[in-house]
Amino acid sequence: WGVLAGIEECAWLLASLNKDINVYSMKEGTVFGQLEPVFVIEGDYLDFCVYETALLGFLCQASGIATKAARCKKIAQDRFVISFGARRIHPAIAPMVERSAYIGGCDGVACVKSAELLGIDPMGTVPHALILLLGSSVNAMKAFDRIIEQEIKRVALIDTLEDEKFEAIKVAQGLGKKLYGVRLDTPKSRRGNFLELLKEVRWELDLRGFKGVKLFVSGGIDEPEISKLNPLVDAYGIGTSISNAPILDFAMDIVEIEGMPIAKRGKFSGEKKVLRCPKCFKRKIFPKYEKNPKFCNCKAGYESPLLPLIKRGRLVRRLPEPSKIREYVLRQMEFYRIGDV
Amino acid sequence: WGVLAGIEECAWLLASLNKDINVYSMKEGTVFGQLEPVFVIEGDYLDFCVYETALLGFLCQASGIATKAARCKKIAQDRFVISFGARRIHPAIAPMVERSAYIGGCDGVACVKSAELLGIDPMGTVPHALILLLGSSVNAMKAFDRIIEQEIKRVALIDTLEDEKFEAIKVAQGLGKKLYGVRLDTPKSRRGNFLELLKEVRWELDLRGFKGVKLFVSGGIDEPEISKLNPLVDAYGIGTSISNAPILDFAMDIVEIEGMPIAKRGKFSGEKKVLRCPKCFKRKIFPKYEKNPKFCNCKAGYESPLLPLIKRGRLVRRLPEPSKIREYVLRQMEFYRIGDV
Amino acid sequence: WGVLAGIEECAWLLASLNKDINVYSMKEGTVFGQLEPVFVIEGDYLDFCVYETALLGFLCQASGIATKAARCKKIAQDRFVISFGARRIHPAIAPMVERSAYIGGCDGVACVKSAELLGIDPMGTVPHALILLLGSSVNAMKAFDRIIEQEIKRVALIDTLEDEKFEAIKVAQGLGKKLYGVRLDTPKSRRGNFLELLKEVRWELDLRGFKGVKLFVSGGIDEPEISKLNPLVDAYGIGTSISNAPILDFAMDIVEIEGMPIAKRGKFSGEKKVLRCPKCFKRKIFPKYEKNPKFCNCKAGYESPLLPLIKRGRLVRRLPEPSKIREYVLRQMEFYRIGDV
Amino acid sequence: WGVLAGIEECAWLLASLNKDINVYSMKEGTVFGQLEPVFVIEGDYLDFCVYETALLGFLCQASGIATKAARCKKIAQDRFVISFGARRIHPAIAPMVERSAYIGGCDGVACVKSAELLGIDPMGTVPHALILLLGSSVNAMKAFDRIIEQEIKRVALIDTLEDEKFEAIKVAQGLGKKLYGVRLDTPKSRRGNFLELLKEVRWELDLRGFKGVKLFVSGGIDEPEISKLNPLVDAYGIGTSISNAPILDFAMDIVEIEGMPIAKRGKFSGEKKVLRCPKCFKRKIFPKYEKNPKFCNCKAGYESPLLPLIKRGRLVRRLPEPSKIREYVLRQMEFYRIGDV
Amino acid sequence: WGVLAGIEECAWLLASLNKDINVYSMKEGTVFGQLEPVFVIEGDYLDFCVYETALLGFLCQASGIATKAARCKKIAQDRFVISFGARRIHPAIAPMVERSAYIGGCDGVACVKSAELLGIDPMGTVPHALILLLGSSVNAMKAFDRIIEQEIKRVALIDTLEDEKFEAIKVAQGLGKKLYGVRLDTPKSRRGNFLELLKEVRWELDLRGFKGVKLFVSGGIDEPEISKLNPLVDAYGIGTSISNAPILDFAMDIVEIEGMPIAKRGKFSGEKKVLRCPKCFKRKIFPKYEKNPKFCNCKAGYESPLLPLIKRGRLVRRLPEPSKIREYVLRQMEFYRIGDV
Amino acid sequence: WGVLAGIEECAWLLASLNKDINVYSMKEGTVFGQLEPVFVIEGDYLDFCVYETALLGFLCQASGIATKAARCKKIAQDRFVISFGARRIHPAIAPMVERSAYIGGCDGVACVKSAELLGIDPMGTVPHALILLLGSSVNAMKAFDRIIEQEIKRVALIDTLEDEKFEAIKVAQGLGKKLYGVRLDTPKSRRGNFLELLKEVRWELDLRGFKGVKLFVSGGIDEPEISKLNPLVDAYGIGTSISNAPILDFAMDIVEIEGMPIAKRGKFSGEKKVLRCPKCFKRKIFPKYEKNPKFCNCKAGYESPLLPLIKRGRLVRRLPEPSKIREYVLRQMEFYRIGDV
């Protein structure tokens, strides 16, 4: 399965052409399955074929990122997942990348501009540089605490100059109840049994009365790390695995010419209907002109996720806010498992 | 090793700041090794720290793409390698992606705009759509041949509606000597032993007097496919593996503060010198203030690839054309092997 | 477990000797387990020892083939399984091979002579040669349809000259309702994801109103392929894996000499009784002279599958028809699983 | 590579048809490579197509057996390899199986009739039964020695009732200098580290002055066992792995119709020439009507292994004795390695 | 988990020092889990630090052996497990090794002295040497039977000079009802499928009326062998895998200094409490000064396995007999599985 | 191969018996091969059989430890290897364990008593406890430096409370030129890429002028770790892998009785001679009474490493000092590789 993203940009592009075309698509954020058409264009091929590369580019990269974000969030469950990977991709697409990460399920993003576009607060911690400049994590956190408004949570980075265990104790004793969390961005050369290290930090904090301090981790986090560290972690900062996620390889194929189904080898010809049960999320694909069941085995009436987007060249659907799309994704994700196809 | 790309954008950004900083960097296209600093900024940290995300973004993604392109070209040797993957990434970065692919070693790119920016001709073949619309590959190629100027090479796509073997025979017999090549974009479900299929197409073409017709392949091509198909293939169209290449994870670390070496755990402190032998391309890293050998074991005098880029805020180096960078990469690649670190 | 075959030939050989021997054996088609004696000869060793090689030869090869056929049929369930492998073994044993395949569970055989001996109709499709000679699958099927009696089912071979998808559409549209099935004997070089190819052919046929046309596959089919392709296949043509099946390595061992148990190292001495529950098919082996339970845990009375075959040199059991043996095998197979020992 | 066998039976069948056909084939025993045609029939397709199953059956099984025998012999080098597997296949094909094993390189066969047809002496040892009946290996060997003519070598089976080590010592001390060899047919349950057991038997025989007694092994011997046991073994008895060898899957394909090359998907069209260097055994395949090099890189003039067999329906080649074919195979095998394709 | 052993020696050493220290420890034989403190010393560090090497040595090796013995016994269930490995370790520690094996769960030990110290009878069988000296197993067993008191069970070693099957039959027929068991110490070179060999010996004994004769095995026995052979074996003799068992790597760490928790990196600071449910054996670790639940989820009241051992330098706990410790281990083992952590 | 140890204890035991026996043995420290007899006793079996367990115990454990030490030293080459594992085994055998480790090739041992018995200085570093008690590594090293005599090398433990990198810098700057080395006993949870960590520590020390400070590592070191860390490490502290090394499983077998060769199944009968070339260290085993070559292929005259140890009950060989044995081992080790048998 994948999470569909990039629809908004496709819609604006096609609506701007002023051509007599009809477009149907699934809603942005829809979880779709193998072989399902997600975006259907009807019209004179010459009116839109030159935009194939752009349209595929909008969908493939955004959907790849949204899908990876959804998988990470699914595994992390109610733990925070924050997109930290803007620094790994060209700044021109940082807003697109973080929007896709957010609608896929990330709870926050690190980039100020992206957050602004999404209408949310950016998230992050102090940088290693501040600690190096001020000489220690405690100094850095105290300075931060003096200057930064109180709404911002105090999260200390504890892997810069000292061992995580002692750094954690020091910042906790230094900031006291103001400390919201500690972040371990532990370098590879020191990251042996990371779960054991987290246990130790947790133990030492608890022992000294800091049971409320959260544990944040970052650095090379992907699906397997999340499964493994969940027992102790409260929040994940995820970089490259989301921002450089594998794209989804959509193709834009002709499947009907003037009403006659025809498709190249390897593709299924004819326009299709997708049915989805709104209750159990089971799905089926039918030729468009075939009759099909009205009701799922679970008794619910099927819905068709392929909806009109553009009619005779004009946009006919309201494009939702990122936060609404994100909610829609999270709602659907309850019905999917990581290993599903 | 990796191929450095993205320097030009970094240079313009930093030069536009009008701050009193000095920057040293390797030249765009330099092949660098593990632990080597490629970009050094001296100055007041507050003058540039806010651009960390943008600078890393320029370097990480472009270098990742250039490196993958260089690896593919290295394996393909004198066979053509064309970047086909613009359709897999957001159109806003297509020129950056194809520029990086080109300087890494690709012989051509598919996107018209990108090619224009690079000062080269775009490359491609007829699309599957043309064949579907005109009913057969032969029809499509004949129409193409009638209309398109003669400088453009005639490359037939032969996997759309019929088996590659018979399609190859038909287009060869249809176009005769005008046919430059055939392209197999064979779908996954039909791609069994691809090398055997290529052998068969080659045999049938040769048998009928078409020994000069080239074999192009595309679809899911990456390093292992290239190694395997080299005996029969004349040109590769490479998509996702180049345009969605794994980024290189550069970090922007403080290593000296007012002359004192200091670096966070996991990083080597102090400014560094990199020495490179211009003859055998062996490399060494030294602390900047340490004396070091003038000559390599192979007797050549060492050069230092870290050169001034910006002095006191002003650009001091001429930034070369993409085609010059590409030549520089190819020249260096002769000294590296795929398995080197 | 294995399926016992070859008993009939052993019986005729031993009965022809006119020697004072007694023979007990399991019935042809009996599913037997590890260590169970299947064939017991009592008499003067010199009267029969010279036939050891022949007797083992009858049992080992026939039982190997019947066992493999039973495994394939077990996995294919109610889908057709046809023995296509006569061309892989010497013609002198083709009837034995196909008889063994049939009693093991195959639904049909390809060889005319073998089928005649089994009292069934041979099965097959048009050959590739007919299509090559008449120029296309449609031509070949039309010629076949004109000439061959109507009882014979029309099954088109669709992998000869064109892609399976388009060939399927053409023969379906050419023959219309007369078309019974299509057979994919897809060559290795084109057999990528075979299940996907089958899905595509199924889709295209269904889309055009040919939901009743069956899918036959052949070429390199063995147990794993059957498990994988079952969702879409209606009939399997199985060649080498049945006709060249691994033999079962029976041995002919002395276990008693004049009433004294004695056996070489590695063999269990003494004559044995095998008990089999007719209800749950659980089995036990006992020394012949030991008392043993009359009833299985499931309350059914045990039966002994080792029955008199020859008494004092004369055949005392009626040897059943192949079709009866086959039914007996299929009845037993319901109680076994592929992974049983 | 494979060793071609079954040509003689094909020749007699086709020569008996009295049809106007020409046949070219490689000589029986020729080592051929991938894609090489080994048997070419020219004529009216209806004159011979009904024999396709029989012709393939002759070639596939015999060549499979000859190839496996050649591989085993290649690995065993100058050690004896005897075909023991007649008991594993139907007696009707025992002569074909053992003829194929012999021409592939076996030094002897166990079956009396097969040996007679091959014009050689059958080989074997006393059976386990004799030892059981006479009570011990020593008794059996002494009886054997009393009765059997002196030309027959005395080889004792030493795994029946006692441990191989002590049985070897006993038969050696019992028969003295007359003992030619001992055979270990050690059962699986006692076959731990077989090489160590052989070392021990060798040591104990040598220690007592029986350095000349040969070590024979049998039971489950195939290529890996031979490689492993070569340091100590003088002769191998090989059963199932040769007589039940995987068949070679030749196909009988149309490649030209009235001078026009045409072949189904997956096959190379047009009649072909195979060239083979008689010195270095390098090989090449060309379309029949193409010019081709006269000389190999090693300066020797190429030969063409495809020679006339039948002209206008009459046999035109003398079919050689099995022993000559065997010599031809062994001569060629010096140029091949087990891992070659 | 591990089985704690070596406490007694630690206790005597520390009690002999006459220093003002307090010691808490788990009872010898306690099954403990990861991270649990098993031995706690309070006092002036200089009073005991010099004994760190000795104390760890007592605990690490003895606990390693006891743990391995417990695992073997757990798998063997009610079959006998006898420690045979004294010959593999220095005689100075044989009593310690066998005591640890015994308390871990072994049913007996082979060493006379060790058995005496444990207050049990030593166990063993006749040696290979006796059989070699008297010429056969039967002779050896008859001599043994004549001379050795009747309380000692007659267990024949049956792998010395003849095959196990025939040796078993001979000693059974020679000693008749007096034979208690047969031991297979089958050498590696003859140990093919050991389970099959055991089945055969069992069959032959049963067939001749010796159903009561036990099967003992020895030689290279470890956990996987036990799991595999359990269906047929009545007793295991285990050597190297117990006496050379991997040690448990306890460390003696400072965790509090004058009431302040402090521990080196990788260790949890502060004194700890371990709670263990006496009913379901679930366990928890808490800082010593933290309040903790009185009752387990299963309603039972928690107990603390860390008990006072030495107070102000004097031993305050009675150290139990080995047989009592062993019972304690076996009682706990019912709650653990081999794969638990 | 293995390194023979434990001979001295065997010699004293047997010499103390006052029995009329002769003993031949290889010298302690001899590197021997598979199947070679290392210790031969001639005499009345009853005179010594009761000591079988003790004699095997002396040889098996000591030789296992010496062999493992030799392997580690072989890989470490001229880097220091120190036996740190006394804390893992019972104190009663600490001297035996460390003597075996030393003669196998260790350069030093940690235990004071063992070192005294070996006539060498014990080796070690400050313990973690000292650092915890004094609050930091620098404090601990300064205290150590004030009090401990100057001959003792100053090696700082740098993993206790802070990160290795910063601790290394601090102790180097604190002790200056007096610092001999730093030891990384890095805990598992922090041991990610250990080689990278070592590189970083090396870089930071070198950068600050401490190129002479050695790097010591300890904690879980075995053969693979040594191979991997050799590029940066100057000394290894090896614990469990040497002191708990797998024993060598010698057996004490009867091979001749009154001049007649006889051995149980699995053993080679008869007394044996071992020949060893003093130049190329090739080896051969012969029956004692067989003639054998005087000279090796490399022209050197063979020597026999089995030499008289006890004649008629009295010790006839001088038993060498541990340091001499160690030299002998190291000399031989030049001729062996880790992978030899």
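By letter and in written order, the chains are A, B, C, D, E and F; residue numbering begins at 1 in each of them.
Heads up, the rule we're going with is that a contact is a pair of C-beta atoms (placed from the backbone, for glycine too) under 8 Å apart; a residue touches a chain by one contact, two chains touch by 3 or more.
Just so we're clear, the structure is a prediction, and the values are computed from it rather than from any experiment.
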Worksheet item: If every chain is reduced to the average of its C-alpha atoms, which one ends up farthest from chain C?
Response: F
Fill in: Which listed pair, A-C, B-C or C-D, duplicates the contacts of D-F in over half of its pairs
A-C
Worksheet item: More C-beta contacts across A-E or across B-C?
Response: B-C
Fill in: chain C and chain E, separation of their C-alpha mean positions in angstrom
54
Worksheet entry | Centre-of-Cα separation between chain F and chain C, whole angstrom | 63
Worksheet item: If you average the Cα atoms of chain A and of chain F to get two centres, how far apart are those centres in Å?
Response: 57
Worksheet item: Considering chain F alone, which of its residues make contact with at least two other chains?
Response: 161, 163, 166, 187-190, 196, 200, 265-267
Worksheet item: Taking all chains into account, which pairs touch?
Response: A-B, A-C, A-E, A-F, B-C, B-D, B-F, C-D, C-E, D-E, D-F, E-F
Worksheet item: Which bits of chain D are touching chain E when the two form their complex?
Response: 161-163, 166, 186-194, 196-197, 200
Worksheet, complete the sentence: Contacts from chain A onto chain E in the complex sit at residues 163, 165-166, 196, 200, 203-204, 206-208
Worksheet, complete the sentence: In the complex, chain D touches chain B at residues 261, 265-270, 287
Worksheet item: Once bound in the complex, which stretches of chain C touch chain D?
Response: 45, 49, 52-54, 56-58, 60-62, 64, 86-94, 96, 111, 127-129, 131-133, 159-161, 187-190, 240, 244, 246-247, 249, 253-254, 257, 262-267
